[in-house]
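Since the structure comes first, as C-alpha coordinates, the remarks are kept for the end.
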(Lines give C-alpha, C1' and ligand atoms only; values in the text may rest on other atoms or scores of the structure.)
Protein backbone atom coordinates (compact mmCIF):
# COMPACT_ATOMS: atom_id res chain seq x y z
CA UNK A 1 0.00 0.00 0.00
CA UNK A 2 2.75 2.46 0.99
CA UNK A 3 4.64 1.48 -2.18
CA UNK A 4 1.66 2.43 -4.32
CA UNK A 5 1.37 5.83 -2.59
CA UNK A 6 5.12 6.50 -3.01
CA UNK A 7 4.99 5.51 -6.69
CA UNK A 8 2.10 7.79 -7.54
CA UNK A 9 3.58 10.71 -5.56
CA UNK A 10 6.74 10.29 -7.67
CA UNK A 11 4.84 10.12 -10.95
CA UNK A 12 2.89 13.25 -10.00
CA UNK A 13 6.13 15.12 -9.15
CA UNK A 14 7.74 14.19 -12.49
CA UNK A 15 4.56 15.19 -14.35
CA UNK A 16 4.45 18.57 -12.57
CA UNK A 17 8.12 19.06 -13.47
CA UNK A 18 7.43 18.43 -17.15
CA UNK A 19 4.50 20.85 -17.19
CA UNK A 20 6.62 23.53 -15.50
CA UNK A 21 9.35 22.94 -18.09
CA UNK A 22 6.91 23.64 -20.93
CA UNK A 23 5.67 26.75 -19.08
CA UNK A 24 9.29 27.92 -18.79
CA UNK A 25 9.78 27.52 -22.56
CA UNK A 26 6.71 29.71 -23.13
CA UNK A 27 8.29 32.25 -20.77
CA UNK A 28 11.54 32.19 -22.73
CA UNK A 29 9.60 33.23 -25.82
CA UNK A 30 7.37 35.82 -24.10
CA UNK A 31 10.15 37.87 -22.46
CA UNK A 32 12.09 39.96 -24.93
CA UNK A 33 15.18 40.84 -22.89
CA UNK A 34 18.02 39.04 -21.12
CA UNK A 35 17.40 40.38 -17.60
CA UNK A 36 13.72 39.42 -17.56
CA UNK A 37 14.50 35.99 -19.04
CA UNK A 38 16.36 35.19 -15.79
CA UNK A 39 12.95 34.58 -14.12
CA UNK A 40 11.98 32.02 -16.75
CA UNK A 41 15.38 30.35 -16.39
CA UNK A 42 14.72 29.89 -12.66
CA UNK A 43 11.44 28.09 -13.38
CA UNK A 44 13.15 25.94 -16.00
CA UNK A 45 16.01 24.86 -13.75
CA UNK A 46 14.38 24.51 -10.31
CA UNK A 47 10.87 23.50 -11.35
CA UNK A 48 12.03 21.45 -14.32
CA UNK A 49 15.13 19.91 -12.77
CA UNK A 50 14.85 19.64 -8.99
CA UNK A 51 11.24 18.40 -8.68
CA UNK A 52 11.52 15.57 -11.26
CA UNK A 53 14.75 14.27 -9.72
CA UNK A 54 13.10 14.10 -6.29
CA UNK A 55 10.15 12.42 -8.02
CA UNK A 56 12.48 9.79 -9.51
CA UNK A 57 13.63 8.96 -5.96
CA UNK A 58 10.01 8.29 -4.90
CA UNK A 59 9.30 6.24 -8.05
CA UNK A 60 12.35 4.02 -7.50
CA UNK A 61 11.54 3.48 -3.82
CA UNK A 62 8.13 2.10 -4.70
CA UNK A 63 9.24 0.01 -7.67
CA UNK A 64 9.86 -3.74 -7.76
CA UNK A 65 13.51 -3.86 -8.85
CA UNK A 66 16.82 -5.02 -7.41
CA UNK A 67 17.98 -3.58 -4.08
CA UNK A 68 21.39 -2.36 -5.33
CA UNK A 69 19.76 -0.73 -8.35
CA UNK A 70 17.40 1.12 -6.01
CA UNK A 71 20.35 2.37 -3.96
CA UNK A 72 22.29 3.63 -6.99
CA UNK A 73 19.30 5.43 -8.51
CA UNK A 74 18.41 7.11 -5.21
CA UNK A 75 21.93 8.33 -4.48
CA UNK A 76 22.63 9.63 -7.98
CA UNK A 77 19.31 11.46 -8.19
CA UNK A 78 19.80 13.16 -4.80
CA UNK A 79 23.38 14.24 -5.63
CA UNK A 80 22.35 15.57 -9.06
CA UNK A 81 19.42 17.45 -7.49
CA UNK A 82 21.77 19.00 -4.94
CA UNK A 83 24.21 20.10 -7.64
CA UNK A 84 21.40 21.64 -9.68
CA UNK A 85 19.90 23.42 -6.66
CA UNK A 86 23.27 24.89 -5.65
CA UNK A 87 25.01 25.56 -8.96
CA UNK A 88 22.32 26.85 -11.30
CA UNK A 89 21.31 30.03 -9.36
CA UNK A 90 24.99 30.84 -8.75
CA UNK A 91 25.74 30.36 -12.44
CA UNK A 92 22.84 32.62 -13.43
CA UNK A 93 24.13 35.39 -11.18
CA UNK A 94 27.69 35.09 -12.50
CA UNK A 95 26.38 35.21 -16.05
CA UNK A 96 24.18 38.27 -15.34
CA UNK A 97 27.14 40.09 -13.79
CA UNK A 98 29.37 39.29 -16.77
CA UNK A 99 26.76 40.35 -19.30
CA UNK A 100 26.05 43.62 -17.45
CA UNK A 101 29.71 44.61 -17.01
CA UNK A 102 30.64 43.81 -20.60
CA UNK A 103 27.80 46.01 -22.01
CA UNK A 104 26.61 43.05 -24.08
CA UNK A 105 23.01 44.10 -23.40
CA UNK A 106 21.82 47.24 -21.64
CA UNK A 107 18.85 46.88 -19.26
CA UNK A 108 15.60 48.72 -20.04
CA UNK A 109 15.40 50.80 -16.86
CA UNK A 110 14.78 54.51 -16.31
CA UNK A 111 17.75 55.34 -14.05
CA UNK A 112 20.85 53.10 -14.01
CA UNK A 113 22.90 54.10 -10.92
CA UNK A 114 25.27 51.11 -11.16
CA UNK A 115 26.08 51.99 -14.76
CA UNK A 116 26.88 55.58 -13.77
CA UNK A 117 29.17 54.40 -10.99
CA UNK A 118 30.92 52.03 -13.36
CA UNK A 119 31.42 54.82 -15.87
CA UNK A 120 33.08 57.00 -13.22
CA UNK A 121 35.24 54.06 -12.15
CA UNK A 122 34.14 53.94 -8.53
CA UNK A 123 33.14 50.30 -8.29
CA UNK A 124 35.77 47.91 -9.47
CA UNK B 1 5.68 -3.52 -4.68
CA UNK B 2 4.59 -1.86 -7.90
CA UNK B 3 5.52 -3.92 -10.91
CA UNK B 4 7.83 -2.70 -13.65
CA UNK B 5 5.11 -2.93 -16.33
CA UNK B 6 3.10 -0.22 -14.53
CA UNK B 7 6.06 2.10 -14.92
CA UNK B 8 6.38 1.21 -18.61
CA UNK B 9 2.77 2.31 -19.07
CA UNK B 10 3.44 5.72 -17.49
CA UNK B 11 6.95 6.41 -18.81
CA UNK B 12 6.12 7.43 -22.44
CA UNK B 13 3.90 10.27 -21.21
CA UNK B 14 6.63 11.65 -18.95
CA UNK B 15 9.38 11.27 -21.57
CA UNK B 16 7.26 12.96 -24.25
CA UNK B 17 6.72 15.98 -21.97
CA UNK B 18 10.46 16.45 -21.51
CA UNK B 19 11.13 15.80 -25.22
CA UNK B 20 8.70 18.57 -26.23
CA UNK B 21 10.41 20.91 -23.76
CA UNK B 22 13.79 19.91 -25.26
CA UNK B 23 12.63 20.82 -28.79
CA UNK B 24 11.26 24.23 -27.79
CA UNK B 25 14.38 25.07 -25.74
CA UNK B 26 16.51 24.14 -28.76
CA UNK B 27 14.54 26.50 -30.98
CA UNK B 28 15.13 29.22 -28.39
CA UNK B 29 18.88 28.45 -28.39
CA UNK B 30 19.12 28.47 -32.18
CA UNK B 31 17.25 31.76 -32.67
CA UNK B 32 18.75 33.85 -29.86
CA UNK B 33 20.42 37.14 -30.79
CA UNK B 34 23.15 37.61 -28.17
CA UNK B 35 25.59 35.34 -26.36
CA UNK B 36 24.08 35.91 -22.91
CA UNK B 37 20.55 34.78 -23.69
CA UNK B 38 21.91 31.79 -25.61
CA UNK B 39 23.89 30.56 -22.58
CA UNK B 40 20.86 31.16 -20.34
CA UNK B 41 18.74 28.95 -22.59
CA UNK B 42 21.49 26.30 -22.68
CA UNK B 43 21.36 26.13 -18.86
CA UNK B 44 17.68 25.21 -18.88
CA UNK B 45 18.21 22.83 -21.83
CA UNK B 46 20.96 20.86 -20.10
CA UNK B 47 18.99 20.59 -16.84
CA UNK B 48 16.09 19.24 -18.91
CA UNK B 49 18.41 16.73 -20.59
CA UNK B 50 19.70 15.52 -17.20
CA UNK B 51 16.16 14.53 -16.19
CA UNK B 52 15.66 12.90 -19.59
CA UNK B 53 18.85 10.87 -19.16
CA UNK B 54 17.70 9.61 -15.74
CA UNK B 55 14.39 8.55 -17.31
CA UNK B 56 16.21 6.73 -20.14
CA UNK B 57 18.31 4.85 -17.55
CA UNK B 58 15.09 3.94 -15.74
CA UNK B 59 13.67 2.65 -19.04
CA UNK B 60 16.67 0.41 -19.69
CA UNK B 61 16.75 -0.57 -15.95
CA UNK B 62 20.54 -0.28 -15.89
CA UNK B 63 22.66 1.50 -13.28
CA UNK B 64 25.67 1.97 -15.57
CA UNK B 65 23.85 4.47 -17.74
CA UNK B 66 23.61 6.91 -14.83
CA UNK B 67 27.33 7.64 -15.04
CA UNK B 68 27.04 10.76 -17.17
CA UNK B 69 24.41 12.56 -15.11
CA UNK B 70 26.55 14.24 -12.44
CA UNK B 71 29.32 15.54 -14.83
CA UNK B 72 26.65 16.94 -17.14
CA UNK B 73 24.93 18.72 -14.24
CA UNK B 74 28.20 20.34 -13.16
CA UNK B 75 29.11 21.31 -16.74
CA UNK B 76 26.32 23.92 -16.62
CA UNK B 77 28.12 25.81 -13.87
CA UNK B 78 31.47 25.52 -15.69
CA UNK B 79 29.98 26.96 -18.90
CA UNK B 80 28.48 29.92 -17.01
CA UNK B 81 31.77 30.75 -15.31
CA UNK B 82 33.83 30.44 -18.50
CA UNK B 83 31.50 32.58 -20.62
CA UNK B 84 31.21 35.28 -17.91
CA UNK B 85 35.00 35.46 -17.56
CA UNK B 86 35.37 35.70 -21.34
CA UNK B 87 32.93 38.62 -21.53
CA UNK B 88 34.52 40.55 -18.64
CA UNK B 89 38.04 40.05 -20.02
CA UNK B 90 36.98 41.47 -23.37
CA UNK B 91 35.58 44.61 -21.73
CA UNK B 92 38.60 45.34 -19.55
CA UNK B 93 40.95 45.19 -22.55
CA UNK C 1 8.59 -0.90 -40.36
CA UNK C 2 8.54 2.53 -38.72
CA UNK C 3 11.46 1.47 -36.52
CA UNK C 4 13.58 0.57 -39.54
CA UNK C 5 12.78 3.90 -41.19
CA UNK C 6 13.83 5.81 -38.05
CA UNK C 7 16.97 3.66 -37.88
CA UNK C 8 18.08 4.56 -41.41
CA UNK C 9 17.12 8.20 -40.79
CA UNK C 10 19.52 8.40 -37.82
CA UNK C 11 22.40 7.02 -39.89
CA UNK C 12 21.65 9.43 -42.74
CA UNK C 13 21.64 12.38 -40.32
CA UNK C 14 25.01 11.44 -38.83
CA UNK C 15 26.54 11.05 -42.30
CA UNK C 16 25.17 14.49 -43.27
CA UNK C 17 26.77 15.98 -40.15
CA UNK C 18 30.14 14.53 -41.19
CA UNK C 19 29.75 16.05 -44.67
CA UNK C 20 28.86 19.53 -43.38
CA UNK C 21 31.77 19.57 -40.94
CA UNK C 22 34.32 18.60 -43.63
CA UNK C 23 32.93 21.36 -45.88
CA UNK C 24 33.25 23.88 -43.03
CA UNK C 25 36.88 22.93 -42.29
CA UNK C 26 37.71 23.53 -45.94
CA UNK C 27 35.81 26.81 -46.39
CA UNK C 28 35.70 28.95 -43.25
CA UNK C 29 38.71 31.25 -42.65
CA UNK C 30 38.69 31.58 -38.83
CA UNK C 31 41.04 29.17 -37.04
CA UNK C 32 38.86 28.71 -33.93
CA UNK C 33 35.90 27.82 -36.13
CA UNK C 34 38.04 25.29 -37.97
CA UNK C 35 38.94 23.70 -34.61
CA UNK C 36 35.32 23.59 -33.43
CA UNK C 37 34.25 21.90 -36.67
CA UNK C 38 37.16 19.47 -36.29
CA UNK C 39 35.85 18.38 -32.87
CA UNK C 40 32.36 18.01 -34.36
CA UNK C 41 33.79 15.77 -37.11
CA UNK C 42 35.44 13.54 -34.50
CA UNK C 43 32.27 13.30 -32.40
CA UNK C 44 30.15 12.37 -35.41
CA UNK C 45 32.56 9.58 -36.34
CA UNK C 46 32.44 8.17 -32.78
CA UNK C 47 28.64 8.20 -32.75
CA UNK C 48 28.54 6.59 -36.20
CA UNK C 49 30.66 3.67 -35.02
CA UNK C 50 28.59 3.18 -31.86
CA UNK C 51 25.45 3.32 -34.05
CA UNK C 52 26.83 0.47 -36.14
CA UNK C 53 27.28 -1.67 -33.03
CA UNK C 54 23.70 -1.24 -31.76
CA UNK C 55 21.06 -3.83 -32.53
CA UNK C 56 17.35 -3.11 -32.52
CA UNK C 57 16.22 -5.36 -29.65
CA UNK C 58 19.17 -4.89 -27.29
CA UNK C 59 18.45 -3.82 -23.73
CA UNK C 60 21.76 -4.21 -21.87
CA UNK C 61 25.11 -2.45 -21.93
CA UNK C 62 27.93 -4.95 -22.57
CA UNK C 63 28.54 -5.63 -18.85
CA UNK C 64 28.05 -8.98 -17.13
CA UNK C 65 25.36 -8.48 -14.46
CA UNK C 66 26.77 -9.36 -11.04
CA UNK C 67 27.77 -12.84 -9.88
CA UNK C 68 30.89 -14.14 -8.15
CA UNK C 69 33.46 -16.89 -8.62
CA UNK C 70 31.58 -19.49 -6.59
CA UNK C 71 28.16 -18.55 -7.93
CA UNK C 72 28.57 -17.65 -11.60
CA UNK C 73 25.73 -15.87 -13.34
CA UNK C 74 25.78 -18.09 -16.39
CA UNK C 75 25.11 -21.66 -15.30
CA UNK C 76 24.17 -23.08 -18.67
CA UNK C 77 24.64 -22.48 -22.36
CA UNK C 78 21.20 -20.98 -22.91
CA UNK C 79 21.94 -18.27 -20.34
CA UNK C 80 24.99 -17.18 -22.30
CA UNK C 81 23.03 -17.21 -25.54
CA UNK C 82 20.27 -15.09 -24.04
CA UNK C 83 22.80 -12.57 -22.71
CA UNK C 84 24.53 -12.28 -26.07
CA UNK C 85 21.18 -11.87 -27.80
CA UNK C 86 20.17 -8.95 -25.57
CA UNK C 87 23.34 -6.88 -25.51
CA UNK C 88 25.14 -4.53 -27.90
CA UNK C 89 28.42 -5.20 -29.69
CA UNK C 90 31.29 -4.18 -27.36
CA UNK C 91 34.09 -4.06 -29.95
CA UNK C 92 33.41 -0.52 -31.42
CA UNK C 93 33.17 0.92 -27.91
CA UNK C 94 36.58 -0.51 -27.01
CA UNK C 95 38.11 1.10 -30.09
CA UNK C 96 36.51 4.48 -29.54
CA UNK C 97 37.75 4.92 -25.96
CA UNK C 98 41.25 5.02 -27.45
CA UNK C 99 40.12 7.27 -30.29
CA UNK C 100 38.70 9.85 -27.87
CA UNK C 101 42.04 10.17 -26.07
CA UNK C 102 44.00 10.48 -29.33
CA UNK C 103 41.51 13.11 -30.51
CA UNK C 104 42.17 15.07 -27.30
CA UNK C 105 45.92 15.02 -27.99
CA UNK C 106 45.47 16.23 -31.58
CA UNK C 107 43.07 18.95 -30.44
CA UNK C 108 45.51 20.27 -27.83
CA UNK C 109 48.31 20.34 -30.42
CA UNK C 110 46.09 22.40 -32.75
CA UNK C 111 45.24 24.78 -29.88
CA UNK C 112 48.91 25.37 -29.04
CA UNK C 113 49.80 25.98 -32.69
CA UNK C 114 46.91 28.47 -32.94
CA UNK C 115 48.16 30.29 -29.83
CA UNK C 116 51.63 30.59 -31.37
CA UNK C 117 50.11 31.94 -34.61
CA UNK C 118 48.06 34.51 -32.69
CA UNK C 119 51.13 35.65 -30.76
CA UNK C 120 53.25 35.90 -33.91
CA UNK C 121 50.87 37.64 -36.32
CA UNK C 122 48.26 39.19 -33.99
CA UNK C 123 45.31 37.63 -35.79
CA UNK C 124 43.48 34.31 -36.10
CA UNK C 125 41.99 34.64 -39.61
CA UNK C 126 43.94 32.86 -42.32
CA UNK C 127 43.40 35.44 -45.09
CA UNK C 128 44.79 38.20 -42.84
CA UNK C 129 47.74 36.00 -41.90
CA UNK C 130 48.56 35.71 -45.59
CA UNK C 131 48.46 39.50 -45.97
CA UNK C 132 50.62 40.10 -42.88
CA UNK C 133 53.28 37.52 -43.65
CA UNK C 134 53.72 38.90 -47.16
CA UNK C 135 54.22 35.76 -49.22
CA UNK C 136 51.44 35.40 -51.76
CA UNK D 1 9.75 5.32 -28.49
CA UNK D 2 13.45 5.32 -27.72
CA UNK D 3 14.33 5.47 -31.43
CA UNK D 4 12.04 8.48 -31.90
CA UNK D 5 13.88 10.29 -29.10
CA UNK D 6 17.28 9.49 -30.60
CA UNK D 7 16.22 10.60 -34.09
CA UNK D 8 15.05 13.95 -32.68
CA UNK D 9 18.40 14.36 -30.90
CA UNK D 10 20.33 13.54 -34.11
CA UNK D 11 18.26 16.07 -36.08
CA UNK D 12 18.91 18.83 -33.53
CA UNK D 13 22.64 18.03 -33.62
CA UNK D 14 22.60 18.37 -37.42
CA UNK D 15 20.82 21.75 -37.19
CA UNK D 16 23.35 23.04 -34.68
CA UNK D 17 26.23 21.92 -36.93
CA UNK D 18 24.77 23.91 -39.84
CA UNK D 19 24.39 26.94 -37.55
CA UNK D 20 28.04 26.62 -36.44
CA UNK D 21 28.99 26.67 -40.12
CA UNK D 22 27.07 29.86 -41.00
CA UNK D 23 27.52 31.87 -37.76
CA UNK D 24 29.45 35.16 -37.95
CA UNK D 25 30.04 35.50 -34.18
CA UNK D 26 32.69 32.91 -33.31
CA UNK D 27 31.98 32.91 -29.55
CA UNK D 28 28.39 31.87 -30.29
CA UNK D 29 29.74 29.21 -32.66
CA UNK D 30 31.90 27.73 -29.88
CA UNK D 31 28.93 27.55 -27.49
CA UNK D 32 26.79 25.97 -30.25
CA UNK D 33 29.47 23.29 -30.71
CA UNK D 34 28.98 22.53 -27.00
CA UNK D 35 25.22 22.13 -27.56
CA UNK D 36 25.92 19.67 -30.38
CA UNK D 37 28.12 17.65 -28.01
CA UNK D 38 25.32 17.53 -25.43
CA UNK D 39 22.93 16.00 -27.98
CA UNK D 40 25.56 13.44 -28.97
CA UNK D 41 26.00 12.54 -25.29
CA UNK D 42 22.26 11.75 -25.12
CA UNK D 43 22.62 9.69 -28.31
CA UNK D 44 25.51 7.71 -26.83
CA UNK D 45 23.41 6.92 -23.79
CA UNK D 46 20.51 5.71 -25.88
CA UNK D 47 22.91 3.47 -27.84
CA UNK D 48 24.04 1.83 -24.55
CA UNK D 49 27.67 2.95 -24.35
CA UNK D 50 28.29 4.09 -20.75
CA UNK D 51 32.09 3.77 -20.85
CA UNK D 52 32.25 6.16 -23.79
CA UNK D 53 29.83 8.51 -22.09
CA UNK D 54 32.05 9.24 -19.10
CA UNK D 55 35.12 9.91 -21.28
CA UNK D 56 33.10 11.96 -23.76
CA UNK D 57 31.37 14.19 -21.21
CA UNK D 58 34.68 14.96 -19.51
CA UNK D 59 36.79 15.63 -22.58
CA UNK D 60 34.41 16.52 -25.38
CA UNK D 61 32.24 18.89 -23.38
CA UNK D 62 34.32 20.36 -20.58
CA UNK D 63 37.85 20.69 -21.91
CA UNK D 64 37.02 21.60 -25.51
CA UNK D 65 34.82 24.58 -24.62
CA UNK D 66 37.34 25.97 -22.11
CA UNK D 67 40.32 25.65 -24.48
CA UNK D 68 38.45 27.10 -27.48
CA UNK D 69 37.26 30.15 -25.52
CA UNK D 70 40.81 30.66 -24.18
CA UNK D 71 42.25 30.63 -27.69
CA UNK D 72 39.50 33.03 -28.81
CA UNK D 73 40.57 35.69 -26.27
CA UNK D 74 43.86 36.13 -28.18
CA UNK D 75 42.25 37.04 -31.50
CA UNK D 76 39.23 38.56 -33.17
CA UNK D 77 35.68 37.69 -32.11
CA UNK D 78 33.87 38.40 -35.37
CA UNK D 79 34.55 36.76 -38.69
CA UNK D 80 33.85 38.82 -41.78
CA UNK D 81 32.31 37.15 -44.79
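Every chain is named by a letter (A, B, C and D) in the order it is written, and numbering of its residues begins at 1.
Here, a contact is a pair of C-beta atoms (placed from the backbone, for glycine too) under 8 Å apart; a residue touches a chain by one contact, two chains touch by 3 or more.
Model, not experiment: these values are computed from the prediction.
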If a chain touches chain A and chain B alike, it appears here: none
Chain pair with the higher count of C-beta pairs in contact (C-D, B-C): C-D
Centre-to-centre distance between chain C and chain A (centres being mean Cα positions), rounded to whole Å: 30
For chain B paired with chain C, centre-to-centre distance based on mean C-alpha positions, whole Å: 20
Distance between chain centroids, defined by C-alpha means - chain C, chain D (Å): 11
Where chain B touches two or more other chains, by residue: 35, 39, 57, 60-62, 64-65, 79, 83, 86, 90
Contacts with 2+ other chains: residues of chain D: 48, 50, 56, 72
Overall pattern in which the protein chains touch one another (line/ring/star/complete/other): other
Complete list of chain pairs which touch one another: A-B, B-C, B-D, C-D
Complex contact set, residues of chain D against chain B: 1-2, 5, 8, 12, 15-16, 19, 25, 27-28, 31-32, 34-35, 38, 41-42, 45-46, 48, 50, 53-54, 56-58, 61-62, 65-66, 69, 72-73, 77
Contact footprint of chain A on chain B as seen in their complex: 1-4, 6-7, 10, 13-14, 17-18, 20-21, 24-25, 28, 34-37, 39-41, 43-44, 47-48, 50-51, 54-55, 57-58, 61, 63, 66, 69-70, 73-74, 76-77, 79-81, 83-88, 90-91
Interface residues, chain B side, partner chain D - complex: 12, 15, 19, 22-23, 26, 29-30, 35, 38-39, 42, 45-46, 49, 52-53, 56-57, 59-60, 62, 64-65, 67-68, 71-72, 75, 78-79, 82-83, 86, 89-90
Chain B-touching residues of chain C, taken from the complex the two chains share: 59-61, 63
List of chain D residues in touch with chain C within their complex: 3-4, 6-7, 10-11, 13-14, 17-18, 20-21, 26, 29-30, 33, 36-37, 40, 43-44, 47-52, 55-56, 59-60, 63-64, 67-68, 70-72, 74-76, 79
